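Chain IDs A, B and C follow the sequence of writing; residue 1 opens each chain.
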Amino acid sequence: MAVPLIEINDLSYAYPGSNRQAVSRVDLTIDKGSFVTLTGPSGCGKTTLCRCLNGLIPHFYGGKIKGTITVSGLSVLDHTIGELAEHVGFIFQNPENQLFALSVERDVAFGPENLALPREEIRERVEWAMKVTGVEGLRERSPYELSGGQQQRVAIASVLAMKPEILVLDEPTSSLDPLAAQNLFQAISELNARLGLTIVLVEHRLDLLSTLTDRVIVMDNGQVRMDGSPVEVFNSMEAQLMGIGVPKIVRLYHELGFRAEKPPLSVKDFAQYLRGLRND
Amino acid sequence: MKALEGMRFKRTSSPMHRLDPRVKFVVSCAVFLLGVMFTELLPLIVLLTSQLFLVYFARVHKEWLQSLRGSLVLVAVIFLTNLIVGYASAGFRLTSNVLTYSVSMALRFVTLVASFSVFFLTTSPDDLGLALERSHFPYEFSFAFTTAVRFVPVLADEAQTIIDAQRSRGLEVEKGSFVKRIRNYLPILIPLIVNAIRRSLELAEAMESRAFGAKKHRTNLFVLKIKAADYIALAVVLVVLAVSIYIRLYVHIPVIAIPMF
Amino acid sequence: MIRTENVYFTYPSGVSALQGVSVEIGDGEFVAIMGENGAGKTTLIKHFNGLLKPERGEVFVDGRNTKESSVAELSRDVGLVFQNADHQLFCETVEEEVSFGLRNFGFGDKVVKKRVDWALELLDLRRYQKRSPFMLSGGERKRVALASVLAWNPKVVVLDEPTTGQDHGQKERLSQFVRQLNAQGRTVILVTHDIEFVAECSPRVILMSRGRIIADGPAKEILTNSKLVTEASLIVPQITQLFMMLGDLGLPGDVIDIYEAKRLINDFVGG
């Protein structure tokens, strides 16, 4: 049964000092356990929307907000970022600027420490979070010594230690090379599958995500333009025209003008489809 | 800057490393006090040599020597200043007294640098932060401290990148008149400052998102434990201080004078 | 023309970034230097304008040994556009920012004005001429940085990771722009790990891994060699992956272009 975990109703927001609506009359519902990819051209409002999910908007940024947004049953407007932090974890684009401590272990402990949890519980959570993200071996290392991919994993661990139900990631692979990006997406997908975490991922690199995500939301000019399964969105005419990073495979499929029952999303699917065509 | 390099925490294991940072701070302060108490050459030499024991104990000899080397300039300045002033007040004559006194002052400074150098070399910034907290400084204080230390290498790299980027646009930092050279620092300082501000905003966002300040009293996963060794060290310091005060007040210190040749 | 002979370079921290790199890039070439983060790509291009001097080996730019030239002299011919525009923006207006390099190289006021106008026009920044660069969006700031380098019209333009953080539309425009720069006779060198972007531009590709060059040739040849690509911690382009999977059906394995792929598949299915 689909349980809505995030409910956004008629949300509009303008940053302080700006008349432009960064987010304009957005209605959205996200169910528990889903893996949502949020994409769109630069400046479309996707990052702004994410900030609304954990309370950075309006509490940190100020500005004019209208509409309602409920996350894990809590109204974002009526709860502090600190309270929401136990339900929504936020991973930022730049790995360097979200790790403060001098060792990985201390960084992962930072969140639970702030929640004033008892020491034994903090210890338990820290061990668990490091294990789940595969960074136990880096426990004594300083973030400065780590690669970008490792830093992002540590960031995820430190957020997981607060045991949120939702993980919001804002272009986490921006500074990573392709292999590291692929590994990170794989790790996120596993967190979704094994731990049931609801994922909201902002990304441009859709080719690596097409088979991992179950829903693609495209924004433009502060509004939601498209919302559906990857197959629906990538194969729509609008997506092709809008200039979002539709995977090359899907573009090729379109160029060829094929009409399959199930349009392929991955290289493997496409190869199989072509073999099928050949044999007919 | 070499002197500062010599004071950066070295991650080894030693008896000194294992002492509580507050105790180590007390030791350094005690050395400072002793250095101030005596102006005679003999006690100062004894004090400096005792530092060597500590350094050996701490297994940080190489870095320690580096920090001393870095402070040589200041040592020379202190020596010369005292020499010149003493020379003038002795009626423009160079006496053995003046020379001895100047050497003592220089030695005192070296001892000071030496003792604090050992402190920083054997205390991790994390433990320093913890010590600050335990000493009832507000958490924000120690957090600011450890975060600053964490970002020092990052900012250093960024400064280098900015210099590289501007040099690639033809900026020549070494050339030109004094005034021009100061102006040449603007293309480096402004991006540095702007980026530092941007970075601190991003950090603030990340901190808030991890519930910083959510509860009045946060828990600490790590604690400082005062052990037997710490008590012993404290006891030794107290005894030495007591003995020194006694010597200062009642015992005549043999004078070592530097002969005039 | 840039030539490196067996260059070795180790950073003061002890990291050995280049281990015997020899490469020659001719005038008017279009080259992409690719590899994982830490492969030595940025270290290598910093040798092209003298920011770094080789520990062992030599680097020649137009016959001049970089050890005997200053960064300013070399930058006149080799313009390096750094990855992060925020590492260089400092002026009060975009106009001043774009003229910075020109002034450093000693150009007179009249020439500076002409060149600045030209560069602003080229990168569609006219309307921001008197605006503060700090007020612009990320993508616009990147264009300002690029304009400020193109303004002094260097023979060689080197772009370090120009596609990071760019959306699809921005990447398309960049791809066209870069090819245009090359068509106008400039030597263009891209440092990137964006395989799809390179597959589209199809330049000469130099693959680096752990301080060494492991491959050097046309994009079609290099990007389709899965062994080499994996060694450089990259991923083969999607179109190539597709054709590799269908290798047993007689289709060629070295396809990177979407239109060639279309043609081949149409023939394949039709037959």
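Simple rule for what comes next: a residue touches a chain if its C-beta (ideal position, glycine included) is under 8 Å from a C-beta of that chain, and two chains touch if they have at least 3 such contacts.
Everything numeric here is computed off the predicted structure, so don't read it as measured data.
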Taking contacts as defined above, which has more of them, A-C or B-C?
A-C
Compute the centre of every chain as the mean of its C-alpha atoms, then state which one is farthest from the centre of subunit A.
B
Give, as an integer number of Å, the spacing between the C-alpha centres of subunit C and subunit B.
45
Could you grab the centroid distance between subunit A and subunit C? Build each centroid from C-alpha atoms only and quote it in angstrom.
30
For subunit C, which residues are in contact with subunit B within the complex?
46, 49, 51, 70-72, 75-76, 79-80, 82, 84, 86-90, 100-101, 104-105, 134, 148-149, 152
Within the complex, subunit A is touched by subunit C residues 36-38, 137-139, 164-170, 172, 193-196, 233-235, 237-239, 241-242, 245-246, 249, 258-259, 261-262, 265-266, 268-269
Residue ranges of subunit B in contact with subunit C within the complex:
158, 161-162, 164-172, 186-187, 190-191, 194-195, 198
So in the complex, the part of subunit A that touches subunit C is made up of which residues?
40-43, 93, 147-148, 171, 174-180, 182, 204, 207, 243-249, 251-252, 255-256, 267-268, 270-271, 274-275, 277-278
Give the list of subunit B residues in touch with subunit A in this complex.
124-126, 143, 146-147, 149-150, 153-154, 199, 202-222
